[in-house]
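Take a look at these structures.
One chain, chain A, appears in both complexes that follow, with chain B as partner in the first and chain C in the second.
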Partner chain A sequence: MQKTLETPTPRASRFQLWAQENLFSTPLNSVLTALSSLLILWVVYSLSVWAFTQARWAVIPANFRLLMIGPFPIEQIWRVWTVLIVVSLTAGLHWGSAAKGQPLVRWPFITATLIALFALVTQWGFPLSILVPTAVLAVFAGFFFGRAALSPRAVNFTWLGVFAFAMIVLSVDFGQGGVQTRDWGGLLLTMILAVVGIVASFPLGVALAIGRTSQYPIISAICTVFIEVVRGTPLVVVFFIAQLFVPLLLGGSNIDALFRAMIGITVFSAAYLAENVRGGLQSLPSGQIEAARALGLTGTQTLLLIVLPQALKAVVPALVGQGIALFKDTSLVYIIGLKELTTITNSIRNNPNFIGTEKELFFTISVIYFIFSYAMSSGARNLEKRLNTNR
Partner chain B sequence: MNSQMQASVPFYRDVKKLALIAQVVFLVVVVLLIALVINNINLGLKKQNLNFSFDFLNQTAGFQVAEGTAFGVPYDSSSDNYFKVVFVGLYNTLRVAVTGMILATVLGVLVGIGRLSSNWLVGRLALVYVEILRNTPVLVQLFVWYFVVILGLPAISKAQPILGVYLSNSGLATPWLVQKPDMPNFFPVTIIAVLIGLAVFAFFSNQRARTGKPTPAGWYAIAAWLLVQIIGFFALGQPLEYGAPVRGNFGVTGGLQVSPEFTALLIGLVVYTSSFIAEITRAGIQSVNKGQTEAARALGLGYSETLQLIILPQALRVMIPPLGNQYLNLTKNSSLAVAIGYSDVLNVLGTAGNQSGQNLQTFFIAGIVYLILSFTIAFLVNLYNSATRLRTR
Partner chain C sequence: MTQPLKDLSAAPVAIQADHVNKYYGSFQALKDVSMQVKQGEVVVVIGPSGSGKSTFIRCINRLEEHQTGRIVVGGVELTNDVRNIDAIRKDVGMVFQSFNLFPHLTVLQNITIAPMRVKKLEKAAAEKVGMDLLERVGIPEQASKFPGQLSGGQQQRVAIARALAMQPKIMLFDEPTSALDPEMIKEVLDVMKELATSGITMMCVTHEMGFAREVADRIIFFDKGQVIEEATPDDFYNNPKTDRAKLFLSQILGH
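Our next item is the complex of A and B:
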């Protein structure tokens, strides 16, 4: 028996190995890979042909202000800039306080640099050339200050202050005329609706969840009926009913349409949020409550210090999912005619000057919606990691 | 001794009595609130000289409805009343919702399996599909399907038929079995046949659970359903005939014709919902213990057999409750038909409300209709869920 020495085959490169493993492991897989590649090539090819040769992108810069703020009066635009700069500062603080003790090169810097580059490249006129860099600088300033001095908890409270500040600055008359809420529009209105919905539905949803899991049958029954009825109704119907019922209810027909929509979206979102929170409440082992009571905590203390913090932490992913859903659902106020991003897009589409630009418009706003939703979901993943105390 | 101690506790420190008092107070507050709401609404209605009655439902509707049939009965705007119109809308809602649920499930499960594919490219492709669709609003997607895709198709005069199917900017026209005009309505037969099929399925799966003998309950159910359909077809004197779309001078006639609005709404809802179902499928499959796959492969089952016989049946148990939620969402999202002008129940009720001036009642009816739909779906899902639940001893 003589062993013949096989000539060693040349070692495959790492890429070859990887490709063999992940793309061509079986004949079926090879076929799938070929088909997928063809599909990707076709989509990329037709998308680039459209984007670079056919699309009339001029519609976007021509209507950029409309898309961002809708019919907001131009002479009052300093209000929007003030809010934007304050929000940039707070966002910087938020990032900074979250990035404590981490290397400096991170997302905020990449984002801020991109914005600055964009501002330089497009060479806007006077006010923008000052204001955009100011907003970018605010992000940087906030980041360094927050990184050095602030705890994430302090920033969370700052957000509430910023929210109140923004609502005041965007509307109140300081002597030269205020801004009507019906003049709010575009992405600005989308953001306001989403933030108000999320902030207002949170306490209501938590209260409903506690009510539904309550040991008192009457309270539990009432909360259950409320939650199930709202969850069984489409948001569009809730909006229509809010438009009709809220004025009847509060005894006046001149109630702001935006306010009615806010009530609708808050009630709707609270019912869904309640179900998510209920999941968290029910996942909590009863030993936690028993231990708290044994230590002499009162019912309220047990709820606030023991039950809620753990229950809410358990359902962070679901809560963020709810926030994303609410953000996307703000587009439905199109049906009742509020001028948020989707409505504005449709009115531009119907403008005789911009006939046939629906692809460009819908592509742009889809990208806008996508960026915010995706940012929320990836932010949630980070938050989940940070809150995970069972590492 | 014990009773003495209880008697000595004053009522304001007795937990049971306090709980009762708290609940009564809560109930009174809620009742007062509701009374206030009703009172205010009545006052407001009086101010606007309206009254909350549903008498208008008996009046003639008098407005045209595109795709106006209710469960196979055509709608005539000159003689039919508002009540009938509600059913026309309900039929259209059910049409898009039921078709949507079936198609979204098929597409979603495929994409979900694709997400877990051992093929890297397929997995990435499915991930991109899911992320793009989940992170943009369904309304914007509907606009894209309607205004960009469907209305961007060639006109019917230039459309090229593919296997007899015309897809153009005036919708979809496809060969179909169509109702003969002067024949009895075939729709009830279909409902009866489906019900009988379900009953057969329930009977044989119950028997399988009792005796432990392998019974193909699904096949028996399908056979029973088809049998009843065919018997009904001949018993009623063949009320259906094969019809293929034919292009004339004024669009297409014959076959099954679907409006561009229906097509856009259906595609939009199916594609949007499929992205959520894909994630549910992925989570469901991942929830099945890896040992199950390994055991199945060790027993010599192939990849698709393992998936069909071992993984999916177990994954289904985890998937059913969230899947039911997606069916609910799809049905509720079908109300976005308003935005692209499909005559669903909400759209029709909106028109009815504007025309009769009874907006409050029509939206009230819309709310009730959607509640009934939602509770029906939830009930069916729960029924199925408890039937397939893992029984542990």
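Our next item is the complex of A and C:
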């Protein structure tokens, strides 16, 4: 520190140095820098011209509720707010418990900003002026309580409870009528499908991977056939098959369409996840298993305590990539008539009142998809950093 | 004599192998191997690469399966009966050439995992055992580090502590110093020498001739899957009886 203080470098020249090293190090690099700058400027300029002079953004606030929750009945909207506030609180607990002894980390701020942004887009009125600040407060309250009192493990279990709570609050009849799952829609439905798909496909995929590498030929054959058949089928077809065959297998034709879609996406994702995990299992040196067995650990203990933690750690990037893909693939449930974010967007642009606003609509939902996808990959980078034991 | 002879004639048998054969496909890795190790005895197994010495030591805790013959460890015969295998593994510690520490666990967790999961020891008790052992192998200050942050010699000492944490009656060493940089070999051998004087039964595959001469009660010379010669270190080094042993000794001691 002392040495750098002796020769103070003005900000500009430090930037110049960085630019020289990274942007203009060779003639070719300079040409590439110039060309890509032009490209970026052109894209940003054209988009800005469109966004600030031509775009009719009124379509977004007018349909914001549809984009967020689809046809969810307005008189039942307290259910969504209850869930949102509980989720905000739990998210705060989550980040708080992971930030023991650290100052405020960026995630609560980002979430609060997002919720505030959300408030700006919607028509600001009586319930929102209470509910939005409550959600923001819940994030921070959760953060400080979690940091003071909770372990990350406790919060992980809390999440399971929160999910069950959300499913109940969003549907069950408490006396004044319930909400049918076919009335769930928009981003809410997208999130529910993605969370169920990611959470449920994880144990199933791990089990399939272990089964495929099993020493028992029957188990290995069943798992291999299952994985290969599912991987050889497009997701859209899997959704159709789930619609048609789940009632056949579980009996009764009145099984919830959303439930069938959940089964479809879980099965589909599990097959891919299994192959990723199998890669991790096979990358493990055989000496690890030998050492565990020589210590007297049983086969199951070796699998759970030695093999799986290392195998899963090795494939975290692949698993997150898959989670992101699944999140975006939920848009394919339009094929079976579920009204998630993309389906709703499509139906809004067909509304005669909003003809010609597809650019605004699709730009907006691509930003929404991006925010959540980026949050996932950013969370995964933190996880990788935390799991790295070779520092 | 570099050390006083132990009187092992009355000691019970720790490891008994009778006419053991092992094949990899059509290749015969072990040919009619018979030998005995007494309780408290320190046996060093030497021989050229590919002579079957590692295969044999790995048969003793069933990391490799022998096809015919009998191996009895601590009075329990190794069969396909899983209970027998588990019983033997609880009493037999093993140290590998490539350490095989668990990279996702800290040094202390590496040592406590087996006592806690196999012997169902309380965490505090297991950690006490673990810290005592780390003290014994000379690296208590590394307890909360991960294996990847340690040098090779330190990792191998942790591996020895990990095996000792189960309080085994027998310790198997499979070329414990072969993967180490020369300057780290001594720190591992010192731990093993200390262990050899503690009365534990030890069977050690190694190329460290100085170590063998200093601590072994007996040397077993393997070649082409067979036991060629068994002798005290002095006899083996000074008057090898077989031509194979003479040739081997001239090759490794000649330079």
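In the analysis below, the second predicted complex is superposed on the first by the 345 of 391 C-alpha atoms of A that agree within 3 Å, B and C clash if a C-alpha of one lies under 4 Å from a C-alpha of the other, contacts with A are read in each partner's own complex, and residues count from 1 in each chain.
Convention: a contact is a pair of C-beta atoms (placed from the backbone, for glycine too) under 8 Å apart; a residue touches a chain by one contact, two chains touch by 3 or more.
Just so you know, these numbers come straight off a predicted model, no measurement behind them.
Asker: Since both structures carry chain A, what do chain B and chain C do when superposed there: clash or fit?
Answerer: These partners fit in the superposed model.
Asker: Contacts for A:I306 in the overlay, against chain B (first) and chain C (second): which applies, first, second, both or neither?
Answerer: second
Asker: So in the superposed three-chain picture, is A:A141 touching just chain B, just chain C, both, or none of them (first/second/both/neither)?
Answerer: After superposition on chain A, A:A141 lies in contact with neither partner.
Asker: After the superposition on chain A, what is the angle at the C-alpha centre of chain A formed with the C-alpha centres of chain B and chain C, rounded to the nearest 10 degrees?
Answerer: After superposition on chain A, the angle is 90 degrees.
Asker: Between chain B (first) and chain C (second), which, if any, makes contact with A:L332: first, second, both or neither?
Answerer: After superposition on chain A, A:L332 lies in contact with chain B alone.
Asker: Touching A:P247 in the superposition: chain B (first), chain C (second), both, neither?
Answerer: First partner only.
Asker: On chain A, which partner's contacts cover more residues, chain B's or chain C's?
Answerer: Counted on chain A, the partner with more touching residues turns out to be B.
Asker: Tell me which partner A:I324 touches in the superposition: chain B (first), chain C (second), both or neither.
Answerer: Once the two structures are laid over each other on A, A:I324 reaches chain B alone.
Asker: Does chain B (first) or chain C (second) touch A:A99, or do both, or does neither?
Answerer: Touch partners of A:A99: none, neither chain B nor chain C.
Asker: Least CA distance chain B-chain C after superposition, rounded to whole Å?
Answerer: It is 5 Å, taken between the nearest C-alpha atoms.
Asker: Quick one: which bits of chain A touch chain C in the complex? Just the residue numbers, please.
Answerer: Going by the criterion above, the answer is residues 285, 287-288, 290-298, 301, 305-306, 309-310, 313, 387, 389-391.
Asker: Within their complex, state which residues of chain B touch chain A.
Answerer: 19, 22-24, 26-27, 30, 37, 40-41, 43-45, 117-122, 125, 131-132, 134-140, 143-144, 147-148, 328, 332-333, 335-336, 338-339, 346, 350, 359-360, 363-364, 366-367, 370-371, 373-375, 378
Asker: Which chain A residues qualify as touching chain B in the complex?
Answerer: Touch list, chain A to chain B: 22-23, 25, 29, 32-33, 36-37, 39-40, 215-219, 222, 229, 231-237, 240-241, 244-245, 247-251, 324, 328-332, 334-335, 342, 346, 349, 358-359, 362, 365-366, 369-370, 373-374, 377.
Asker: Over in the complex, which chain C residues touch chain A? Could you list them?
Answerer: Per the touch definition, chain C meets chain A at residues 61, 63, 86, 89-90, 92-94, 96, 98, 100-104, 113-114, 117-118, 146-149, 159, 162-163, 166.
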